[in-house]
Every structure is written in structure tokens, then in C-alpha cells.
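Presented sequentially are two complexes of subunit A, the first with subunit B as partner and the second with subunit C.
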Partner chain A sequence: MPRDKAGQFFGSGHTNNWAVTCTSQFWFNYRHVANTLSVYRSVKRLGIPDSHIVLMLADDMACNHRNPKPATVFSHKNMELNVYGDDVEVDYRGYEVTVENFLRVLTGRLPPSTPRSKRLLSDDRSNILIYLTGHGGNGFLKFQDSEEISNVELADAFEQMWQKRRYNELLFIIDTCQGASMYERFYSPNLMALASSQVGEDSLSHQPDLAIGVHLMDRYTFYLLEFLEDIHPASTTNMNDLFKVCPKSQCVSTPGHRTDLFLRDPGSVLITDFFGSVRKVEITMETINLTSPVEQVEDK
Partner chain B sequence: KRQAISLLASQTSSAPETVVTPSQPEDDFQEELVIRPLHSGDIYASFQFRTVWDTDFMGGKKVSHYRLFPKSLGQVISKFSVRELHISFTQGYWRTMQWGQPFLPSPPGAELWVWFQDTVTDVDGTWKELTNVLSGIFCASLNFIDSTNTVQPSASFKPLGIGNVTDHRFLRYATLPREIVCTENLTPWKKLLPCGSKAGLAVLMKSEKLFHSSFHSQAVHIRPVCQDWQCKSTSWELRQTLNVVFDLHSSGQGKREWSLFKMFSRTLTEACPLASSSKIYIDVTDNPQQFELSPATPLLSQAVVLGDRRTYSVYDLTQQATFGSMRSLNMLLRWKSSDGDMMRPLLHGERYVAGYGLQTGEIHTLMYNHHPYRAFPVLLLDTVPWYLRLYIHTLTVTSKGKDNKPSYIHYQPSKDRVRPHLLEMLVQLPPNSVTEVTVQFERALLKWTEYTPDPNHGFYVGSSVVSALVPSVVAMDTNSTQERPLFSSFFPSKEESSYFVRIYTEPLLVNLPTPDFSMPYNVICLTCTVVAVGYGSLYNLLTRTFQVEEPSPGLAKRLANIIRKMRGVPPL
Partner chain C sequence: VSLSVVLLQGQHAALAIAAVVIIVGVPLWWRTTETYRAWLPVTQINELAKLQLQLSVDVEVVFARGTLTPEQQKKVPLTQTQDEEHMVDEDTALRYRYETRYRTATIMEEDALNQPTAAEADLSLHTLSESPCGSVVVYVIPEASSLLPEVVEVYIGQRRTAMLRIGAQMRVGRTLKQLLAHLEPRIQQVLQVMSFSHSDITAALSDRVRPSPGNKESLADSMRAFKSSPGYEITFSLLNPDPKSHRLHWDIESAVQNYIQPLLTKLAPVANFSIDSQILYYAMLGVNPRYDSSLSAYTLSADSLAHVINPVEARLGSNAASSNPVLNFLLYVPDAHHSPLYIHDHKKQKVHSNAFHSPRWGGIMVYNVNDFYGPDPVFPMDINISMAKVMGVFLAQLRLLLGVQSSATPPGFVVASCGSAGLADWELDRLMWSRTVENVATATTTITSLAQLLDQIGNIVINDNIAQQVSSTVTSLQLAVAELEAGNLGFALQYSKEAILASERAFFDPSLLHLLYFPDDQKFAIYIPLFLPMCVPILLSLLKMLSEARQRRKEKQAKRD
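Here is the complex of A and B:
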């Protein structure tokens, strides 16, 4: 059950950002939903609007009957941060999160009646952030406990996106066991990838909460969230800092990254290029005189 | 009282103030909250937000200026030629016998029923597109509504608005009993309100409290209504309703005391400035024997709703005095005694699956008529998915042990993977009795790709719908244009002696015979092993020959053989 989040951000000339997220099924995979929602939350906080985020959650944890605190998803057992929040829009949920739908969203091959909120309407000036989490293995990622997506399929989907000019730069983050195997096969330009563990290693979860009864979050995403909480829309932290998130001492697994397909130097790429949003600013030279003050008129 | 805020701007310094008056049709917004304490100690809160707009979506002129009416819904109405749209999302099941009748009934999961205009030529295609668009608007999986769970009821679900076309070809009804309701459905619903969740009654809608409840239902109802009693022109009415029942024990304490703050973790500070009326009604019919209400209010109103005359304390939020000196309103209801009886609901329904094993079963639907001496007819609508093959020849309807023949039966058999079963019956319920409808079914074996990712959870069968005009002890108000609270004006009353009631039974969860999904893998492994062992052995037997081989010679002999090979002489 992968989650992916895509955010687009142009640092050097992109005009819009997109994010796609999805997640996995069953109550004991609560932490995967918490992972996705925390990245969703950071991305929204840094400025990407809901209309530019395709959030996919394969199961409902917040209103699950096993949740002792309904409508909440926590990232830490101190229960300070409700990553679900009060203003969340999930585009694909439950049984809709399938490999086919995920690949269709990426490549844009959706049936004509699909509403806009379920489409990835990116263009060649878009920066996309894709975040995937769930259970994985060497070369595959599990969706919904019944199907898988392989690294070859993913690489081909990205190549299709490149050929259809659907992205300018793409950041791919994956938090699963043996996550580095998923980016081994990429061959399209302008792709940067991060994974929480190398081939042969397992990504571990952070800590359980005895009241809720499950593990709340995975280690890599927990430290990623901590790192992102310090970022604000004007910050100048770059990708090299992101690569240092969750070293082996904290994560137990070794996070990996891949930048050989990326044209720019990672040190010059801002975090907000992918996690935040570009605002369209129009400069006008007109002046408007408001000579009378604003008055409230009451009708009876 | 309407407040219009006008921005004044003038280019010259001495120009008079100009007020911009809108020339588009008038729209009106009202909001209301009804709080009804229940006899079990729980509390029932029902929000209604009503926007009425005197415009014509169906006319030639395209509507482009939206004020109070949400643009997303207006575009849906005009694009898909919708005459009436009713959609509800519910979590939990309404317990009629403990809580009484709800103001607005709804089944668990998602329910959508739509009347299209008679100008629509391809209703099925329009229905499919409409469900996809609504799934995007409400963040729900409504795109799973297709021909396998859509029906065309022939007698139930008559239009609730005005209109004289009742050709049932333009009606579509579907439910998704599995649909989950959570904050992601509440968020877009709140965004449809004119004030959003920033002012007025909608500030109380905090998801952490609303979903920590026994029952939660949010709905959107769109229908055309008459502007006045002559009904020369029509306007479009949008009602957004939210019903929630808070549980006494799960909300902590267990003390029989409720306040706005305890229910919603917020108090009210102002009405929505765009609302022409913003009121809170507290049902004080059992006051002061049962509970005490503070702060007291002099405004009382009586309304006949659900066949009973109830008295309500009214808090008018458009009056500044309501908020008191603290500028915030928090009502407190404290129970004094816990005796007293609730009026027994006259109509009640139950449903369950009987039988054992994974091959056959029996669906039992029970309808209770609790009226001591009046009998009345009810319309029962049953939609059963195609994979439960109903044997209609085993359909029996019995009341008080005797056979009760329905006066009208409409049955549309299912077609595998295309259509579900549709059964509609008009049954007369004798007074003070239980009527039982039973039908046997057989479970089908699905193709292995048709199973959901978690098939051992089971498959849901949508609720049965029981619609009836129940005799009323109190004369109902048939004058529909009088100013009435919103909760009493949703279902129009055509006659004084009865009121309309719709009951939803429980949805059913049925296990289908589920294959072992690891079997294809096991079969491949086993077959390949058998083939490999069998073929390999046969091949070896047929082609292997045995040769006697000399033991390898000593070093001297080997050297001699090499020299002999070089000379071309046969070896030793």
C-alpha cells in the first residue's frame, strides 16, 4: 500500500507545484497513513493548495471504529500534532487506490468523466513531488494487500510523463523496506529520488502508542517531518540538507538518494522548490484612488 | 433584515456616494439548529442551512453570478439537467426505538437519488457523469455507483419539490453502504455554505467532536420550490443538513448534563452576517419536569413535527441580546429526573439474514406498526445486489401469523454483473402488529478479479426503505408557505391527518464463498513441479544411454596416450 505525494515546485523557472500522495490498508498500517498525512500537511503548510494535491489514502484510519480518538491521526504518542487536521481533502480513497489508478493519474490517461480534483493537471513547467509509503520489497511496492507495482513500471511511467511533458523536475521519496530498489531503474531526466532504506534493509517504525494500539509513524518520515517543520516558505535550505535527514544512528536503516539524472546541482535546489508553492504575482503600474472611506449600508 | 456591504469608490473627489445594487435574482439564506434531548440521556442536534434562489437554471440564459448559492452545485444542476438531487453521507445507524424519529432520515453509508428533467435523452450516461462529478466535489468514492447498484424505483422516492412529471424513467437511486464518512467529506460540505465555517452556526462543526458520536449524517438536498402560495414561479432551494447524536457515556463524565461547549467544544459568538434568520430551537416539551435550561429565553414556539406538537425555546442569534454580557452563547441543559416516556414511534423496521453456510440464506425484513387501532399501508423498497440470487417464488409476507398479500408488487430481476434486484411492495400493516417479509437467496461465486482486496470482510447489501404516510394524533399543518422552522417544513404535508415517514433498516453484511487467493500460485508451483519431474524422468528414460567407462589410467599411461595421439596411433 504505497502512498505517494507529489508536489511540484519550480525553483528555477517552474510555475506550479503538484503533490500526489497515497497510502495503505488495514488498521495496523496506521503509520503509513500518518506518514502520508504528515507530508500532506507540510506541503499544504508551505503553500501548495488542495487543488494541486492528489491525496490517495487506501484506508480510513481517522474515522475507523478502532480509533479511540475519532477524526484524528497522530504522529507521536504525545498526541500534540493531529496530522489529519480539520481541513483535509482526500481525492482517492479506499478501493480506488490501485496500481492502475496511480499510473493513470501519473500519465494522465484518465476516463473523460474524472473530476479535476482527481487529475494531475501538470505541465512542462511543473515540479512534482511524489511520496510513496507502505510495504515494499526488492523492486516492488504493495498496494492494498493484493497487488504490486514494480520499479520497472514506475520508471516507465516517469518516462511517459517526461515524453508527454508532464513535469519539469520530479522529486520521488519512498519510505518502505528496501526502498532504494524502487529508484534503481529510473532513466528519465530531471528525476531526483530519496529512499528510507537500501536494498536488503528494512525501514523501521518509530514508536507504538499503547492507547491507540498501533505504531504511529515510520522513523524516516518522522525525522523528515521534524525537518520540514523547520522549513517556512521563504527558507533557503537545499537538497543536501534533505539527504542528511535520518542518518543510520536514528533510522537504523541507511537512507539513500539518487541525483545522477538531475540536471541541476542538488546544492542549488531549494526544499521549497518541491515542498512549497510558487505564487503567481502580477505587477501592475495602475494606481487606484480610494478617496472615500468604505461604508456599511444597512437595508431594512 | 438583510445587510448589504457596499464598497464605495469614486474617481472624483466630489462625486456622491453610489451604492451598487445587484440586478440578479434574489437569494436568501437561513440557518437553524435544533437540539432535542433524548430519553436515553443522549442528545440529538440537527443543523439545517437553507438557501433559496429565485433563478432559473434550466432557462436559456446561463447563470454566471453566484452569491449565496454555491457555484459548484449550480453548475452541476445546469450541466446535468437535474430537477432534484438528494445526497447523504451517514456514519452509524439511527436507533428508532431509543431515539424516536429523525427529522431527516438517512441510511448508513452514502445514498444518492436524483430526478432528472424530462429533457434528458440519455439518463444513464448523465447519471454516470453526475456521480463522477459529485465524487470529486464531496471527496467520496461515488464513482463506484454504476449499473450494478443503481435502480429505478417505480413508486418510492417521489419528488419532494414541485413538479408534475412523475415518469420514473428520470429517477435514479443508488446507495453505497460501505462508504466511510470522515473529515474529508465534511470539509467540502462546509465550504458550500455562504459563511463557510467562519461565522454563524457552522463554527460549531468541529470534526473531532462531530465524529465522536453515535450517529452522524450530513446531506445536501436540492429541489425546486414555489415562491408563494400561488406558485406562479419557482425558485431553487438548497438545504444542507447535518444530524448528529452525541452519546452520553462516550463523551465522558456520564452526568446527564449537556451544553453547547460539551457537545461542540465551541460557543457561539455571532450569527452568519449573510443569513436572514439564524435560530436555535431547544425542545423543551418535557421541561421543567425533566430538565432545566439555562440561559432562559422568553421566546417560545410551538411546531407540529413528526405527528407531535412540541414546544421549543428559541434563541435568535440575529439579536445581539441573545449573547448576553459575555458576548457568547452557551446553553446548558441539566437533567433533574430520568423518568418520563418517549412517544413510541409508530413505524419501525428491522432486517437480518438467517441461515447457515455459504450457499443459501434468507433475508427477513420486519415492519412494526405500533399504532393501537389504525392500519396503514407502507411501501417497501428492497435493492439486493446480483450476487445474492433471490428466489422470488419463496417470497412470503405474513402479519400476525397469517398471509398478507401486498396490493402492489413491482419486481425487476437482476442480471449478472449488470443490474441488481429491485423489489417494491405496497403492504398494509395491521394495527399493533409485526409484518415479516422473507425471501430466500443463493450466494453466487464471483470471478476472482471481482473480489475486493479484503473479501473476507463480507459484502454489503443496502438498507431497505420503508416509506409511509403514518396517521398523526395531532393535525398537521398543510399550509406550506407560512413561515415555519426549517425542520418542520422539509417533508411537505398534503393532508392534516397523516405525515410522511421514511425508515431505513440496517444494511446487511453477507459473506460470499471466497476462494483462497494463494491457490493460483500454489497450483503453478505444484503443476510446474509435477511437469518437471514427470517430463524430466520420461525424457531421461527415453534418451539416456549407459556406457561402461574405464577407470582413469595412471600418469605414465596418460603420457603415453598423449604421445600416441600425437603420432596418430590409437591409444592403449
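Here is the complex of A and C:
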């Protein structure tokens, strides 16, 4: 019996989780920050601690002087859910969110003075979730309204992560226009990707709020958040359910996904393998008797 | 001035400009726009890509009095070498070389073996000589010896010696060769426990060779221990959720000094350790324990343990200055309303240590203090935590998390306790073998993939410092492999550590990011507006000169005709 349990516990092969999220700039892109914060919130709620999350927000929406409700970022026009909360820890903010910094975080090529909270200290047993949102096109994602990251650069960065064994499995989610083009060029093993729209399609935003004056969230992430709110740390929902989130009727665009590089069957991958942080645990059977130097007590 | 002279001057001018552009301009442009790429020892790196490791172990087999017949004794001392070859994959080959020296015991060793128990014999044998790092000494004692109890065949000591009982029927009428062949399998078993086994080494090579999804146990083992790193941070935290009831005192400094520091000092060749401690108040476990009326205590089931760690981890904090892996050891004293709190395993049995650990993270122990309440408790109560008991658990967890594997010993084997340092010498050797192999494997993978990357992307600048790090990695790797072959484990570990540090520094150098992706169409877009307007007049005038020259030749020919 115990041995079966051990097999079940170690089935996924990972021991820790990381999440990296990102976004773009300006007040009228409020929805991108709301997207990122809602994923951040879900991931924290499901157990990943701040020390394992690298949150990049290119602009400050909560304290923006155009925000009629300061210190809040809402995801729905009824203002039910303040995704900003009161324990947000932003690691890269404002002008620090650049393509260079993003790639440095992924590949680990940061200057030695970078503090721990700004690094992705993953190892070969880490499952990493990367969520990107903003404005994108066929083969690129816009950063800061002045530069772009291309799908080739992203694929190369993931390959370098693989070479250095910086991840066990990686889930890549992107919510931009023509998002599927960003995962076309991946070639490293153990990557799974989801996008909110196919090449040639635009990802649309969900609904505007007349009081705040901007669109609050994008459709795909809105339905993704709704899906994730039903997940709790012990749930057994798997990736196939995630692929069904936001069908064309709700999203207007066609979400896509890519699993050919992933070794395990998506049906056997739990949502909490990436979004949560379920720790493997072993009972400590041995102790060392320190008062008298004779026996090593073993209960097996 | 006549028209032809002007024309001639014009032609000379065009030719001169063209000459300057081609002879001076183009090379100048080429040199100033080429990316600086320092030379890398690519051939040596490619050689290292095909890793052929030889691990040499020095074994000494000492025959005590009464184990050898006089004729067998004449053939001793004798040295034998045994090779075991393994092909892990097409790029990695392993050879284990065991150089065994057989000899008889000296008089002083006989005296030492005359002690009443094996543990005392072990102790006095060590006062005689110190075995070098990585070697193993096996003492073969007679069948009738009283050193080991009846059922025990092998005793593994605290340093690097083992005692092996010779089988009864092996004495009479057999040649030395047959005796050695008989002892061979058991000596092999001893070596697998005390030095390394093939599965240990293949697990250490996991960076190069993705382990086959085979043995669940070995997978769990490889996932539990931290990977090789130059340093580790250890944090001891005391969690007091109920300061109103309990005023806890723990003498962590002296506990660390007495119980943990000896182990860390012994592990100094392997890694640096830094220790800190903290006390957290009002830190709850995050899981509600269930009341069990049969035990009149609260219990935490094994399944709920996985959810205990995350809420606590958010409050733990860490040393921002280093990127070393952190081992967290938490001591949780349950609040007065939920005391006593016991951890149950999967069989619903109480766990003796009342502790659990998480792979590559650390351990948590629940310390019940309700025994300290007198008949009339007055809160808040002053409680002194018994650090010996706590450190006993943490030390065991620390050993597991660092990979000091107490692997399943074969039947008939007895392993001595690990001694005051918390680590036997042979356990240290085991760790050193696997760490050295792991470091060499990781460093070679890093350096080969870096070389490939720099080769593929022609635009990346390779600074001198990177080239120097790469060269020093290659040198250290070659030295490490050589020392492994020679059997000098200490030096091999040293060089392998240097190799890893240099290779990581080279691979993760911040300067290797620029010009990562520079598509050709962008290059054209930059150069065309600069060069095209300049080249067009030169080309046109050259063409014009050519056509005029051709015309003149035609005229000359026509004249001749």
C-alpha cells in the first residue's frame, strides 16, 4: 500500500512550481494588468508562494491617477473581485519590464547583484507556468509600446532553459491577438502551450466598465479566471478541461493549444501541477538518538 | 582642355574611387562591424562531450589470523585489478576499476581485532592508521570469531573499514584463488554500500542522461536530495501559534553548535553552509487537525500534510543576498487548544518522530508541550524545548535531504551508527563520489551546450572573460577526470567544483544576451540605405568605362580591317 502511494506522489516528477507573468503599458491597457493579476491571484490562492512567482507589470493601474477607485484593479464590471488585493508583490515594474529583462529572467543571465526575488531559481524538477498578455501580432508580442519579442527568441530562450535543465515541464499561456503564432516555433521537449486566438484572429476584450472608463479584462482570461476559481489545491481537474475553456461562442476567437512536445498525456496532467503547488511529502521514519551515542533508531 | 582629357580624368577618378572602396572600404567595414569573438577551445570541448569516466577505488583486504592456511598465506601479499565497464548511452561510458590489495594482518591489527565487540575493534583499528579518502579496508575474520553476533556476516564501521566473516567451509584444502573467488561477491556488496553502486552513479549522471522511467524508488531518491550546489542555506524556524499560552525557549545557538555544526564541518569539502534561525509568532499550520477521541489527541493525516507547507512558506522569508538553495527546518509547537498533536502515517499509525519532510525543501516537526503542564497550569507557561530530541529529527532529515543515503543494506549486514559528527567517513565518501560525477556531468553538459549555442548564433559577442572561464572549465574537467582515474577522490571533487563554478559563470554571463536574434532582412534594411546610394554611381561609371573600352576595341579592329 505505501509503495503505491509513493508511486502516485511522484507521478508528476516535479517538486516545486514557479510562475512568471508579464504585461504591457498605458492606462487604456488596464485589462492586460487585470489579466495578469487575476492569474497571479489564482496561482497564489492555489499555493505558490511569492518567493516562487516573478510578477512583471509594465504599468501601475491601481495607483494610476486616472483610476476612480484607487488601490484596486477589478476584473468584472460589478466590481466583485478586486484582483489587486493587499499582498501583491510585483518583482519587475514599469520600465524594468523589457524584452531583455524577460529573457534574462528566463535564461538566468542576470547580473550578480540581482536579488533573489527577481530571479527564476528553478531546477530540473520545477514546473513552470508562463503567462503573457498584451498586444501581439503574427510572430511577436509587444512590450512597452516600443519593442517586441519574437517567437523565435522565445523558442530559443526555452531551448536554453532546457539545455541547463531549468525546468521539468513548462506551461505557456498567451492572451494576445494571433497568440497561436507565438508557440509555433517551440522545439524543446516538455512544453505545453495555450493561446487565446489563432493566427489571423484578434483576441477580444470582455466588457467595459463605464465608471472606470476602460475595458476590464480580456475574454479568454476572464473565462480562465472563472475556471480557476473552481479549482482548489486538492482538486483533480486535468488539462483537457483547461483546453475547453472559452469556446468560440464565448470568446469569438478560437483558442488553440499545442501538446506535441509534451511527454505526458494531457489528460493525466493535473491543473494543480502548474497552477498550484502541491508539495510531495514523506514521513520521517528515522531519527538519530543524540543523547546516547549508540543506536540509530529505525522504524520501517 | 580637350574633351578626351576630361573624359580620361573622369575615368581615372571613377577607377580610383572604386579602388578605394574595394581595397580600403570593404575590409574596413568588415572589421569594424564584425562581432568580437574570443577563441574557444572547441576541439577539447567536443572531446569532453564524449564522456569516458573511470572511477578507481583502492581496496585493501586484510586477512586476520585463522582465516588463511599456511600455503594460502605464502601467496599473499597479492594485488588484483578488476574492471567493470558500462555503456550508459552513446556519449557516456563508465569504467569502475577496483584495485584490490590482499595482505595479512599486522600484530597491532590483530591486537585491535581482539576486542570484545565490533564497535570497539573498529575504534582501536582507527588509532592505528587513517585510510585515505575514497578507499575501503575489509578485515576478514575467522568463522568462529566472537566479534560479530551469530547471524551477522558483515559489520560496517564508522570510518572506512568493514569486518567480514569468512564462511566455515572455506578453510580446508582450497587454493587462494578459490578463496578469493568465494569472498568476491560479498566484498562487492560491501563496496556497493561503502563506495558507490552503478545505480548511484547513473542517478548522478541525470543531467547528461535522462533517467529511464524505471524504478520508482530510485526516482524518489533522486528527487528528494538537493542537486549539487557550491553552497546551501539552512534555516531553523520555531513556530509559536499561541504565545498567550506558551512562552517558548529554545537554545538554538548551542544546539546548532553541538549537533549540526560537526556534520557541516565534515561536509566542508562538499559545500559551504550558512545557518540562520528565527521565531515566528501566530503562524498557524493551515490545516485543521482532527480530534481523535480514542487517543484523546488531535491528529494530522498523511494526506493533509502536503497542504501544510504552503501557507507557512509565505511567512518564512529568505536571505536575499545569495541564490543558494534553502533548506527549511520548522519546529511547530501546537497551540494549547490543539495539544497534543500527532502525525499519522498512511496506515493511521502514530509516527514515532512526529515529523515529515518534503523533497528539496526541508522538514517540519511537531513538538507537543502538554506534558510540561503541571497539575495547575498558569498561562503563559515557560517551556524549555529539549533540543537534543529536536536536533535528532532535524539531523536525520538533513542527512536525507543532502543525499547521504542510507540505502537498503543487504541481509546479514550491520551498519554502525554514524558517530558524533552525524556522518560516517564512508558515507562522506559515497556523497563525494556521486557529487564528483554529478559535477563533471553537469559541467560537461553546460560547456558543450554553450559551445553549440555560440556556434549556432554567429552574432553573439564572446568576451575574453568568457573564453577564459571556458578554458579554465576545460582544464578543471580534464584534471577532475584524471584524478578520478588515479583514485584521488578529494582532489577530483575539488577540481569538479572548480569546473562547475567556471562553467556556470561562463554560461550565465550577462553579456551573452545581446544580438541574440538578428534576422537577415533587418540587416539588409540597415545597410541598403547607406551603401546603395554610394555604390550606384560607382557601378554605373565602371559599366560606362567598360562599354567605352569595348567600343574602342571594336573601332580598332574595324580600323585594322
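As a convention for this text, the second predicted complex is superposed on the first by the 270 of 300 C-alpha atoms of A that agree within 3 Å, B and C clash if a C-alpha of one lies under 4 Å from a C-alpha of the other, contacts with A are read in each partner's own complex, and residues count from 1 in each chain.
Going forward, a contact is a pair of C-beta atoms (placed from the backbone, for glycine too) under 8 Å apart; a residue touches a chain by one contact, two chains touch by 3 or more.
Computed from a predicted structure; not experimentally measured.
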Tell me which partner A:Asp273 touches in the superposition: subunit B (first), subunit C (second), both or neither. neither
Is A:Val152 in contact with subunit B, with subunit C, with both, or with neither (first, second, both, neither)? second
Could you look at A:Glu201 and tell me whether it touches subunit B, subunit C, both or neither (first, second, both, neither)? neither
With both structures fitted on chain A, tell me whether subunit B or subunit C touches more of subunit A's residues. C
On the A-aligned overlay, A:Arg93 touches which partner chain: subunit B = first, subunit C = second, or both, or neither? first
Looking at the overlay, does A:Glu169 come into contact with subunit B only (first), subunit C only (second), both, or neither? neither
Quick check on the superposed pair: does A:Ser117 touch subunit B, subunit C, both, or neither? Answer first, second, both or neither. both
Thinking of the overlay built on chain A, is A:Leu290 touched by subunit B (first), by subunit C (second), by both, or by neither? both
Is A:Cys63 in contact with subunit B, with subunit C, with both, or with neither (first, second, both, neither)? first
Subunit B and subunit C footprints on subunit A meet at residues 115-117, 288-291, 293-297, 299
Interfacial residue positions of subunit A with respect to subunit B in the complex: 25-26, 60, 62-63, 69-72, 82, 84-91, 93-96, 113-118, 144-146, 288-300
Which subunit C residues qualify as touching subunit A in the complex? 206-207, 216-217, 219-220, 223-224, 227, 259, 302, 305-310, 313-314, 318-323, 325, 343, 345-347, 351-353, 355-361, 363, 365, 388-389, 391-393, 395-397, 399-400, 406, 415, 417-420, 422, 445-446, 449, 453, 507-510, 512-513, 516-517, 519
Counting only contacts in the complex, subunit B reaches subunit A at residues 1-13, 17, 19, 91, 128-129, 132-133, 135-137, 139-141, 143-144, 178, 180-184, 187-188, 206-208, 210-212, 452-454, 517
Quick one: in the complex, what on subunit A touches subunit C? 1-3, 5-7, 10, 13, 15-16, 47-51, 100, 103-104, 107-111, 115-117, 119, 121, 123-125, 150, 152-153, 156, 160, 163-165, 233-234, 277-291, 293-297, 299
